[in-house]
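We just call them A, B, C and D in the order they show up, numbering each chain from 1.
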Amino acid sequence: MLAVRFPGHDPRVETAPVESGTGRSDAFSDGVFAIAITLLVLEIRPPEHGEQSLVDGLLDLWPSYLAYVLSFVTIGIMWLNHHEVLRLVRAVDRGFLLVNTLLLMFVAFIPFPTNVLADFLTDSDERKMAAFFYAGSFTAMAVVYNLFWHYLRSRRELLEPHVTDAEVAAITRSYLLGPTVYGLATVAALVSAWLSVAICAALSISYAVPALRWRLRRR
Amino acid sequence: MLAVRFPGHDPRVETAPVESGTGRSDAFSDGVFAIAITLLVLEIRPPEHGEQSLVDGLLDLWPSYLAYVLSFVTIGIMWLNHHEVLRLVRAVDRGFLLVNTLLLMFVAFIPFPTNVLADFLTDSDERKMAAFFYAGSFTAMAVVYNLFWHYLRSRRELLEPHVTDAEVAAITRSYLLGPTVYGLATVAALVSAWLSVAICAALSISYAVPALRWRLRRR
Amino acid sequence: MLAVRFPGHDPRVETAPVESGTGRSDAFSDGVFAIAITLLVLEIRPPEHGEQSLVDGLLDLWPSYLAYVLSFVTIGIMWLNHHEVLRLVRAVDRGFLLVNTLLLMFVAFIPFPTNVLADFLTDSDERKMAAFFYAGSFTAMAVVYNLFWHYLRSRRELLEPHVTDAEVAAITRSYLLGPTVYGLATVAALVSAWLSVAICAALSISYAVPALRWRLRRR
Amino acid sequence: MLAVRFPGHDPRVETAPVESGTGRSDAFSDGVFAIAITLLVLEIRPPEHGEQSLVDGLLDLWPSYLAYVLSFVTIGIMWLNHHEVLRLVRAVDRGFLLVNTLLLMFVAFIPFPTNVLADFLTDSDERKMAAFFYAGSFTAMAVVYNLFWHYLRSRRELLEPHVTDAEVAAITRSYLLGPTVYGLATVAALVSAWLSVAICAALSISYAVPALRWRLRRR
């Protein structure tokens, strides 16, 4: 039952499922997602006094607002997906916790490229590079997310018994959209920063729309 | 039981209630509220050395203290309301999680207008604009909060069965006060920043008083 | 069972215990404590390049380390007390949630006076004022903590039935130490900043020692 | 059942196990770990405009990326270990809560030495000192972690009854690796900053590899 902490021990003990339920992984992951998403606001700095009117200063911050919304929604959707995957998990092992920590490392990094995008989106010389870095960071996060899911689906004893092969295959397919579209947005940044940002935004919207569309039809 | 993640799948599966209970939404939302409310203190910067005495420097920060208290109490009350609504919720679906994320995006934004208000409240040229932006942000948050409640009350299968129509109608009525009063405070900012701030403060106090009044009467 | 949100409603409904258990108040409070305590590190800024050697720069930051340790331990003890009180609570009402939010507002403020103390402790002209503000903030937090406990003990229906009058009286007595000693430290700051800081530190140590002393005796 | 809060009371009451289960300690500790790990990103500041191209500016931040990854993984592993120890704990007492708070104080401090390392790793005069401070902070954290475990294992009534002496001894042995290797990295910093950083990185990798190796072999 006890997982040992450092190399040199019996590997069967080390990587056997160490815990049923996902309570504390949930709590820690939720914490990191919640903090990363809330730190985004720290990159929006109030205008200086005197340089221009406050109203102009606030309007000139539009790249910050745009970057805030885009990153908030993206991290929010990433949390939703993480949330739903963890509901399929019956037990966690040491390897899962490591892969989860790796994923959180990419999630917690997002405030930095958000900051870079907001700072350079109005710089006509550098905005392509800023969008490249921004979409590239999302691509890396989406790739690691697929790795995270790959780890779980190749160890079916960690998943709830009621999860069918068809469901696993459907999830696997749906998750490939992330790296594909963000990868496309990264390449597109070399042509146009706006195109890149538009592709990132479109993915978020395409994710939200079906739920809302069904809502409307239902009334 | 499994919610799929991206468009192109059977919408009945996609938006069926995905989860009974609200445990992890609670945890994530509580995290965002707790972080947003605690980040408010970061906007209060210690006085510089030498310019003036420390006691004068600390006293001159009164707009920061005022903005801190007002935003803390407002986010705190928003949390209380969110908290009470979630206690009426039996199950959540994808659409709920999206609307909840939207609400959190407005809550997590509050430290920025708080910062702006604190920076410009002593600037006689710009304080009206700062109060307009501040009260406007609260108005937007209150509108989204009503949207959030509207989503829930128009899908009664998400609410606990014991919740009556009369209770839903009472909540709906009580929530309209928020956008109305903050909207009024936003318009009032065009006349006077102090009036706008006073209206925001009055709403918070009017919220707190009944509970305390009853406490006193009871003794 | 439903608490209404705004004034003008039946106050009996409004302030009746709204919830058995303290789960989500715990989570929100723990979040604020955990964030406030962790934000303390943000006030420690790395030395500049070139001005002096890094080792001198790091040593010169001793007021920041001292303020970090003192505030961390104080907030930590505050959390322990809050934690233990909530274990005695059977149900929460609206008034409790408001008083709890007020307490959290003072806890979340602590990083600011910590920052001020660290900045001015080596300024011989201003260090008394900095210590006065620091100990004064602790005094205010301790007073609000007593208010928080007063609210609970004057509504015994919120406490677990097994809690005896003798226990309530013992807690009430023990809590008076906080405002008394911090009040003394605030007054002492007018004479000497070091004395004030030493009194704050002594209270933390006096709190920790009995548990450890018993540990040693027991072996 | 009631733990009193200040000295002068019956020490048997004071340090008896105050609580079965570790729910709220878990939540608070998870919060601090999650926040400390997420604050790491705040030390990565976007390049300035104009000084150099954005791509060069982003590449020049490699010490920040390195320090981010190293600290993130280290705090993540520390969380995993903390997580696994708490699963062996049946009940907590006041002394445990104090030792846990002490541990969290060292964990929450890590963003500062991370910041120092990132700032000075390219400064050929100071990088040894920066690595010394960085590895030294990890050493201190690992020592306190051993203290934390020592507290638990010398009070077996706090551990679950199923935990055997052999398991306790195995954990004790495995935990000694931390202070040893980080201590070595601290001494190595006096010779070479790169060697010191490499030793810290090697410890993290050696921790992760067994779980992954077994994963590969298993397929």
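The rule is short, and it goes like this: contacts are C-beta pairs under 8 Å (C-beta built on N, C-alpha and C of every residue); 3 or more make two chains touch, one makes a residue touch a chain.
Everything numeric here is computed off the predicted structure, so don't read it as measured data.
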So what angle, to the nearest 5 degrees, turns chain A so that its CA atoms land on those of chain D?
90
Far-end chain from chain B, centres as C-alpha averages
D
Since chain C and chain D are copies that touch, is their contact same (over half of the numbers shared) or different (under half)?
different
How many angstrom lie between the centres of chain C and chain D, each centre taken as the mean Cα position?
25
Whole-Å separation of chain centres (CA-atom averages), chain A against chain C:
35
Could you tell me which residues belong to chain D and also touch two or more other chains?
27, 31, 35, 39, 42
For chain B, which residues count as touching chain C in their complex?
26-27, 30-31, 33-35, 37-42, 44, 46-47, 49, 53-55, 58, 68-69, 72-73, 76-77, 79-81, 83-84, 86-88, 162-163, 167, 170-171, 174-175, 177, 206-215, 219
What residues of chain B sit close enough to touch chain A in their complex?
1-7, 9, 11-12, 14-15, 18-19, 24, 27-28, 31-32, 35-36, 39, 42, 93-95, 97-98, 101, 104-105, 108-109, 111-112, 115-116, 119-120, 123, 126, 129-130, 133, 151, 154
